[in-house]
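A, B, C, D, E and F label the chains in the order they appear, each numbered from 1.
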Amino acid sequence: MAQQKKKPTSKPLPAPANSRPKAAAGDDTEITALDLPPGPLSAEMEAYFAKCQDKLGFIPNVLKAYAFDNAKLAAFAAMYNDLMLAPSGLSKLEREMIAVAVSAHNRCYYCLVAHGAGVRALSGDPVLGELMAMNYRAARLSKRERAMLDFAVRLTAEPWLVGDADREGLRKAGFSDRDIWDIAAVAGFFNMSNRVASATDMRPNSVYHGQGR
Amino acid sequence: MAQQKKKPTSKPLPAPANSRPKAAAGDDTEITALDLPPGPLSAEMEAYFAKCQDKLGFIPNVLKAYAFDNAKLAAFAAMYNDLMLAPSGLSKLEREMIAVAVSAHNRCYYCLVAHGAGVRALSGDPVLGELMAMNYRAARLSKRERAMLDFAVRLTAEPWLVGDADREGLRKAGFSDRDIWDIAAVAGFFNMSNRVASATDMRPNSVYHGQGR
Amino acid sequence: MAQQKKKPTSKPLPAPANSRPKAAAGDDTEITALDLPPGPLSAEMEAYFAKCQDKLGFIPNVLKAYAFDNAKLAAFAAMYNDLMLAPSGLSKLEREMIAVAVSAHNRCYYCLVAHGAGVRALSGDPVLGELMAMNYRAARLSKRERAMLDFAVRLTAEPWLVGDADREGLRKAGFSDRDIWDIAAVAGFFNMSNRVASATDMRPNSVYHGQGR
Amino acid sequence: MAQQKKKPTSKPLPAPANSRPKAAAGDDTEITALDLPPGPLSAEMEAYFAKCQDKLGFIPNVLKAYAFDNAKLAAFAAMYNDLMLAPSGLSKLEREMIAVAVSAHNRCYYCLVAHGAGVRALSGDPVLGELMAMNYRAARLSKRERAMLDFAVRLTAEPWLVGDADREGLRKAGFSDRDIWDIAAVAGFFNMSNRVASATDMRPNSVYHGQGR
Amino acid sequence: MAQQKKKPTSKPLPAPANSRPKAAAGDDTEITALDLPPGPLSAEMEAYFAKCQDKLGFIPNVLKAYAFDNAKLAAFAAMYNDLMLAPSGLSKLEREMIAVAVSAHNRCYYCLVAHGAGVRALSGDPVLGELMAMNYRAARLSKRERAMLDFAVRLTAEPWLVGDADREGLRKAGFSDRDIWDIAAVAGFFNMSNRVASATDMRPNSVYHGQGR
Amino acid sequence: MAQQKKKPTSKPLPAPANSRPKAAAGDDTEITALDLPPGPLSAEMEAYFAKCQDKLGFIPNVLKAYAFDNAKLAAFAAMYNDLMLAPSGLSKLEREMIAVAVSAHNRCYYCLVAHGAGVRALSGDPVLGELMAMNYRAARLSKRERAMLDFAVRLTAEPWLVGDADREGLRKAGFSDRDIWDIAAVAGFFNMSNRVASATDMRPNSVYHGQGR
């Protein structure tokens, strides 16, 4: 999926003298630090995995991580797919931008890699993915985008401070009450996923690294 | 969700000299600060609401808050019920203790009220509910309980720091890898719910306040 | 030092399946984690203890904790009684609200229990006590109350930032210079008490838990 | 790398080209930012002020700040004098060191100036006063002193974390339970005073700046 | 420079419907938010720029940003080149890893992009660059590397806490006193550069994004 | 060491009973905690040291600390002298004020002592030096000075938040774009120096303590 369209500007690098073992070794096989062997999946979940393989070319590791228990996997997939893919006043790209900005606050490796790729792919703008992962405040954003991300990150960092003024700020930036729910729900979801991933040392599929560049 | 077994609190309070309007006025009717009218519910969700009404005597406001969209309600309920009620190496009380300790870190009014009631009811120890909501470190806890809550709160406060040593600490306190997943998943879930509740100013059913005292 | 007027809460709870030892066991007898046997008290302090017993039905544990040294007890009682009970532009309820909001920031179990009871009793609004202890920002407060608590909590969290603009904010909310002193003094006092209580693991009298509910 | 152009310490500085108004102008006359005219004092408090004038050569501004209300002044003076001057397992210097380390955490200008002078004077070591005010961790301290200050500052910064292990640490460093109380009480007291001073913009007597150098 | 060794896993992405303006637009021309036109450069600095162009294929924007003043540019370049390229017990890759881990703590977009590319190029391990920028604690590091980065990030986050125990930790991990200096100096340097870049909204050359992938 | 020019208001202090070893013992001889013997210096650096000795009466310890490596010393001195002494829209005093306010945030003992002396000497106002080191917000500053220090300290504490509004604030306070660069560069430089000093336990020359009082 890597779309590098022209030659890199400069000269090829020499093979590095330093032969460190790869930092990503095993990222595709050792999915978490927990020993939780896959359990039997329902027909519905088997079909979902098959669909992932068919459409993406791989099964995202987060799904494999949940696969030790069919009920947990099904609940996670249902919530994820509704939040990120169902109709909403927020575009899919906007939802991915929230995912990455929240995950950047929480410094979640899994989610930054997987959803950074999502931002790059959906926007067709590789640099936007980097900016979301590094510091969304440095990106050239529309007022709507900035208000959305400021709310999501404040809700992540200091949820106890969020109040009427914050909701009013979103309304002034053009968001409906339903949009506000969706911003909160996506931000909330990644505050959950970031923690499950960090607690279990979840490793992203290596393929994400090259996507959308 | 909550385990109310009998009628709410005791005798009517005398009218106080100081006649401040009640802080809770409307908690049972104005559920969130967002204008999201209830949508049509599936038969399954209608049945779930009826069951809540029957077993608890009320429908938890969080469910009413999600009821503007059947798919979101169903996904939330499925995940919640699996996490908090399905078989696990963690007792239901332990899961409620995590819920409250995490919500205390995030200072989430809705979750502290609803799940503080849960801890009181499940433990039969009203003070334990207060301690979880105020500062779990002040409670007289078993080593297992303390390790579990320390992990959950660290994961809440600084998820980026959690690593092998933290997981090893849980294993030494007697938790299996599956238990570690469950601690992380419950802590993660309330990091999500706390934020949805704070973002929307969700108000708990007043009945919770008197439960289990 | 709240004024409980009637019997604690409602019906006896059924013995819970889960027979954890009570979290509060000994709260009324093991007052702190320090071994400081009571010293001889002056006639004035003996009379003060008798008055507490007479009016409250018990002697607040904080007073028993200070009773190892008559001079320290007398100084503490004099300052406490002046701050919380003497004439002031702040009502007694407002002073208790500050006490609880500050203690919530500092997560002080002793003070949250004792003064949460105070807010419940003085306001006749049990939920207001919960709100102060959980997140005062979630309460339906008057502008005056909110300004007062915002100042007290900012002074607690980041005293180095407080400046002219903060004082002006209080003046605009209707507070006199004397009121500003009193807000600062009450907030300051609980920043002291919270730390003495936390440093010594001070345990509140169990009776507080049921007061004002 | 300061820009003094000639030999160290001694000679008078030339009038600086830059004629900024003095930062301390009025420190001895404008004691706080609040308009609280002095009230009538009791004979006891009059005598106390006279004694200060006699023994110190001036009346500390904090006392003048409290002098708008005799009861508040008396309570403050009683607690202060007991804590800082009465017999204790902690030396007076140790108590002043706690005062300054706590005030440094809270960046309280009044207390750093007044008690920094106290450390310099009691220790006869001007640099020790600077170190306490700047970063006590950079000072060459005994194990006892370091344990005492680490406890006091942790109690200041994160009182909710203090527990049995912290108390045990003090015991291992040679402190009795009474000493632990005194450390906590002095640290607590300055957490109060720092906040009253910051809330009111209290200014120290200029004379402190030169003391003990 | 991209080292993708096999075909990207899946199908080409459709052109995104969403035609947001590029987040990176102008990164190569609008270097900072300050209007500071380039000044005359010394022969030495002209030669340095020519050498950059020749060896890298471009002039790093940070150098162009400093080019408004020859003395500042020369001082920056001298310090940078000594720290990052001169002989040291730390490899060049190790120095770049410190640069990125520090810049990740400070969320500095410029430095994360430029030095993330450096880590990818020097290690030949694209994922290592991502890990340093996202959360170095998630990387599979040697004990030496982990100790080095823990020190650098602690020094970045809370320099006032660093003391003998931290230095001893580095010595136990095999670092000499000279190495400790170098770790501190590199970490310090990026704490400077991160702030100059953030204060001026410095934008990295776009070419960095594709390097070493 | 105290250079009070008129009689202290009060009486001479008695020799302190407490004979603690001096906290500063060895500050002039044990410059850092690292064993890095001085290396050979270039003629230029030898001349620079001689000039320091001649003009200041001593060689600042930071220069001795860097003297183990001539290239590092030369780079440090070049950058320092350009930033602090070269022509700028900021006065030398303003640059020293930034140095101290940043070092106070980072609680860097070396820099607070050395540059606190600088502020005292350049301003002829000893109290201004204390205020910068204790809490610049307590000083009576011009709007220009306050805006400059607020920017420098925000950039120190949370560089990731600095954006267009902060730069606009400086412009409104009368600063040019070049001035903004200089504020950022001085603040950045001390964020570097503070960390090198803290990492190496650098000790200031004792002579600074008495300067400018």
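One rule holds in what follows: a contact is a pair of C-beta atoms (placed from the backbone, for glycine too) under 8 Å apart; a residue touches a chain by one contact, two chains touch by 3 or more.
On a predicted model such as this, the values are computed, not experimentally measured, just so you know.
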Both subunit E and subunit F are touched by which chains?
A, D
Can you check whether subunit D and subunit F touch via the same residue numbers (shared by over half) or via different ones?
same
Please determine the option from B-C, C-F or C-D whose contacts repeat those of E-F, over half of the contact pairs being identical by residue number.
C-D
Chain of greatest Cα-centre distance to subunit D
A
From the centre of subunit B, which other chain's Cα mean sits the farthest off?
F
Can you work out the whole-Å distance between the CA centroids of subunit B and subunit F?
51
Whole-Å gap between the CA centroids of subunit B and subunit D
44
Could you please state the distance in Å, as a whole number, between where the Cα atoms of subunit A are centred and where those of subunit B are centred?
26
Taking each chain's centre as its mean C-alpha position, how far apart are subunit A and subunit E in Å?
24
Subunit B residues touching 2+ other chains are 107-108, 135, 160, 163, 201
Chain adjacency by touch: line, ring, star, complete or other shape?
other
Which of the chains are touching one another, listed as pairs?
A-B, A-C, A-E, A-F, B-C, B-D, B-E, C-D, C-F, D-E, D-F, E-F
State the interface residues of subunit C toward subunit B in the complex, per the touch definition above.
5-11, 13-16, 18, 20-25, 27, 91, 93, 104, 107-109, 112-113, 122-128, 130-131, 133-135, 138-141, 201, 206, 209-210, 212-213
Subunit D residues touching subunit B - in the complex, by the definition given at the top:
160-161, 163
Subunit D residues touching subunit E in their complex are 135, 137
Considering the complex alone, what residue numbers of subunit A touch subunit B?
33-36, 68, 71-72, 74-76, 78-79, 82, 86, 106-108, 151, 155-156, 159-160, 162-164, 166-167, 177-178, 180-181, 183-185, 187-189, 191-196, 198-201
